[in-house]
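Listed after this line are the structures, all set down as structure tokens.
Two complexes, one shared chain (chain A), two partners (chain B, chain C).
Take a look at the complex of A and B:
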């Protein structure tokens, strides 16, 4: 029975929008899936002690490069998204290579990447003639094929796209988890010199996971933009988005595959709850709550919600058998 | 096999290693001794690529390796252990060694790495189970793990850094036997850095003595302990004891 569980769950997730069509709930599910994927991308690095506060920047690159190419050059998102992912990878390398080469780690790495978030936000705001600045930006509605433009109006299609991308993110996690790269990165996160003495090319391994993480994050940003048909510097780039990623991932649990997904469920429900319960009176409250909860989680539940629950089960299991 | 010439390392105005030259022949065990701060570990760090030499050449099997990054040096066939064991606690014992087997050898599949790891674990006598934790190991076990990681990288030359610090006498003898076994069974050449002269003298073929970054003596254990400069450096420590052991060892060549 246990063997079939993932397949049953998978089939249920795919079948869901054909059975259950409540648009608001589907909308929430789509957001959860897209953000889960973004948080999973962040945790690819975060779980190995590479705490980046620059992922808002990668997300912004994904969203804006895709939309700008479409609006200004008429490039289909099918080409624009891979290009935006490449751009994010290039940006990640430019920032990360010097960091890794000169062994900027821990808090210092977080600070350097924090600057990256800020810079991407500033660039978007400063080039307002192209990007719409802080007022935000809308991909032009296509008059032609919605498939080429990746502009679907129905929630069902978006749900399935988001689900597929989320599942792909889970697969990448699983793949990293089983690879020698995980051994190398665990070793690096503990002791870079000792890892090097075991033959690990420390800089290369760190760049590899950074590139994977940045590319995935850019894809999340691009998808978010295509789905919402509106992006602004505050929602897809900048420091607050980066912090939100850290909080959600830590809250869910960065050491287990589904941890970031649980984090997305927590943050998005919290966000929607505040919006519905308090409306415009509660603008910015979510960030305040994130900040407080982040501290609470790091002190009391460093493995996150899901990580801690799984630990409880694990410690009980041997007693049963 | 290894030829070091005019090796110098300066940290700012401080010269840690000053114009040291030596050779290591295939299959020998060279002991490297000297008081604290004499430059032993600095030499190891340059040989293994932790930092580049200020001047001088390091030829390993005819190729210059001075200044190469550590992973390239490990891949070319030099393995090292650290003075204080540095295990990866987030990995199991076996995973520690598989990691070294996979990345240290530079090429080859994961199953080859697993095989290399099993060989290394069997050699030092550590458990091979998939999830035996590093936390269960004591001082001696951690030293063994350190050795197993180094062996798994498939070295032709092993740099063993003070492998006996923190062990009791019985464990020390065991560890010394282990180094002999690594040489005879795996054909690995060894440079052994050690504080404890007594045990070292029983195992090594030749000894090199450092003081304040300079080489002050080199030769057979019996010659070195009789060297007045060495006695001066080690006076009041264990020179006398070492002399006695070396004499005993040379009077009984079957022991080595």
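Take a look at the complex of A and C:
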């Protein structure tokens, strides 16, 4: 029975938009799926102690490169998205290679990547003649559903696309989880020197996971841009997006496959709940609650919600000093 | 004869150096915290934002005299720093460093939205317009000059405190070896708390200076927070002198970049410079560690 559970759940998820067409609820589901995918990409690195605060930058590259290519050169997102993913991978390599080569880890790595998301944000703002600066940017609209432009007016199609991408993300996680790379990276996160002595190519393994993570994040950014049809530096790039990713992933649990998804469900439902419950009075309250929760989670539940639930059998020493 | 071009260039360099004073002041407290407690306060710029609000409310709303308001603001932020350490950092002292960084990231969210919810998103300023000094065709901001002076005095005071007082020496000793010092009879928890309050107080001092030049709003921290971290990393986290040098380098790059193009490009240049420098000197400009 347990073997068939994923297939049954998958079939139920695919069948959902055909039986349930409430647009608002589908919209929430699409957002959850896209952000889950982004958070999962972050956790690919985060689970191995590579805490990046630059993923907002990769997301921005994904969203903006795709939209700019479409608007200025008429390149279809079907080509633009892979190009944007390549761009993100190249950016990740340029920053990550020296970091890993020169053993920049922990705090330093987090702060260098913070600089990266700062650069992307500033470049988007500075090139305002092309990108619209901080006012945001809209990919040129086509009428109705146009496959080439990757623009669809109905939520059902988007739901299926987001679901497919999310499932692909889960598969990549599963694939990494079962590969030698995982063991290598776990060894590296414990002790780099010992891992190197045991024959692990530290720089290469780290670069591999960084590239995977950056490419996936760019895809999430591009998808988000195509779905929302509006991107601005604040929503897809910069430090607050990077921190938001970290928060959601940590809240859900970065060491388990569905952790980031749970994190996305928690944050987006919290966000929407506050928005509906309190309207404009809720402005700011969502982040207020995020902030407190993030601190509480890190102090008391460093493995996240799902991680702690799955972990309940294991006795855990209280996190007090 | 000095041509027009050179005057503009010189003006940019001087203003850059003065900006460097402000940045150095910003980096000072953060560096101190990192050097002693080995924790990065990602929310440091938000503490400054709270300090700026304290100045705004005390000075503009309750009409306190400026020096009194400044002292009150510094004390407020110092108390906040100690509170931050007590509530968030001390339970995490033995956790992986990255968890401490993320927890203060949570505090960043909290402080930002706290300001949004309770102070509103309007841009506020003190309503003081300090004069601009004109000096042989160059325009130099008085507020920046003041900030530069305050930064220098602050640096010297911190230096004297760290080298001449018992507590200061204990702080430096803890920074060198945290295990041994507790065996030597130094109460490390007390030292950490004092250092946090001191770091907070420096944030408050920076706030008093910044509020003269910039409007305060809940997201003001994002505009100078990242650059402060970069300065600390470039100088070598915890290396006070390195941070000072890095602050001036950054400031000159930003103002020169801003001279030839938009200010954002100045920042882009500075960020790019930072990344290049990380490759050349990964442990900071004046690295002691290898």
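Operating definition for what follows: the second predicted complex is superposed on the first by the 309 of 321 C-alpha atoms of A that agree within 3 Å, B and C clash if a C-alpha of one lies under 4 Å from a C-alpha of the other, contacts with A are read in each partner's own complex, and residues count from 1 in each chain.
Heads up, the rule we're going with is that a contact is a pair of C-beta atoms (placed from the backbone, for glycine too) under 8 Å apart; a residue touches a chain by one contact, two chains touch by 3 or more.
If you're wondering where the values come from, they're calculated on a predicted model, not measured in any experiment.
> Please work out whether A:187 is in contact with chain B alone, chain C alone, both, or neither, and reply first, second, both or neither.
first
> One more residue to check, A:123. First (chain B), second (chain C), both or neither?
A:123 sits against chain C, while chain B stays out of touch.
> Which of the two, chain B or chain C, is in touch with more residues of chain A?
Ranking chain B and chain C by residues of chain A touched puts C first.
> A:246 contacts which: chain B (first), chain C (second), both, neither?
Only chain C is touched by A:246; chain B is not.
> Could you say whether A:22 touches chain B, chain C, both of them, or neither, answering first, second, both or neither?
A:22 sits against neither chain B nor chain C.
> Look at A:285 in the shared chain and tell me whether it touches chain B only, chain C only, both, or neither; answer first, second, both or neither.
After superposing on A, A:285 lies in contact with chain C but is clear of chain B.
> Of the partners chain B and chain C, which touch A:145 in the superposed model: first, second, both, neither?
neither
> In the complex of these two chains, what residues of chain A are touching chain B?
180, 183-184, 186-187, 189-191, 193-202
> State the interface residues of chain B toward chain A in the complex, per the touch definition above.
Counting only chain B, the residues touching chain A are 48-50, 69-71, 74-75, 80, 82, 86-91, 95-96, 98-100, 102-106, 110, 113, 149-150, 153.
> Touching residues of chain A toward chain C in the complex: what are they?
Against chain C, the touching part of chain A is residues 49, 51, 95, 98-99, 102-104, 106-108, 110-112, 114-116, 118-119, 122-123, 125-126, 238-240, 243, 246-247, 250, 283-288, 290-295, 297-299, 302, 319-321.
> Report the residues of chain C in contact with chain A in the complex, numbered from low to high.
For this pair, the touching residues of chain C are 34, 40, 42, 88, 90-99, 101-103, 105-114, 116-117, 121, 218, 222, 225-227, 229-230, 232-233, 237, 261-262, 264-265, 267-268, 271-272, 274-275, 278-279, 282.
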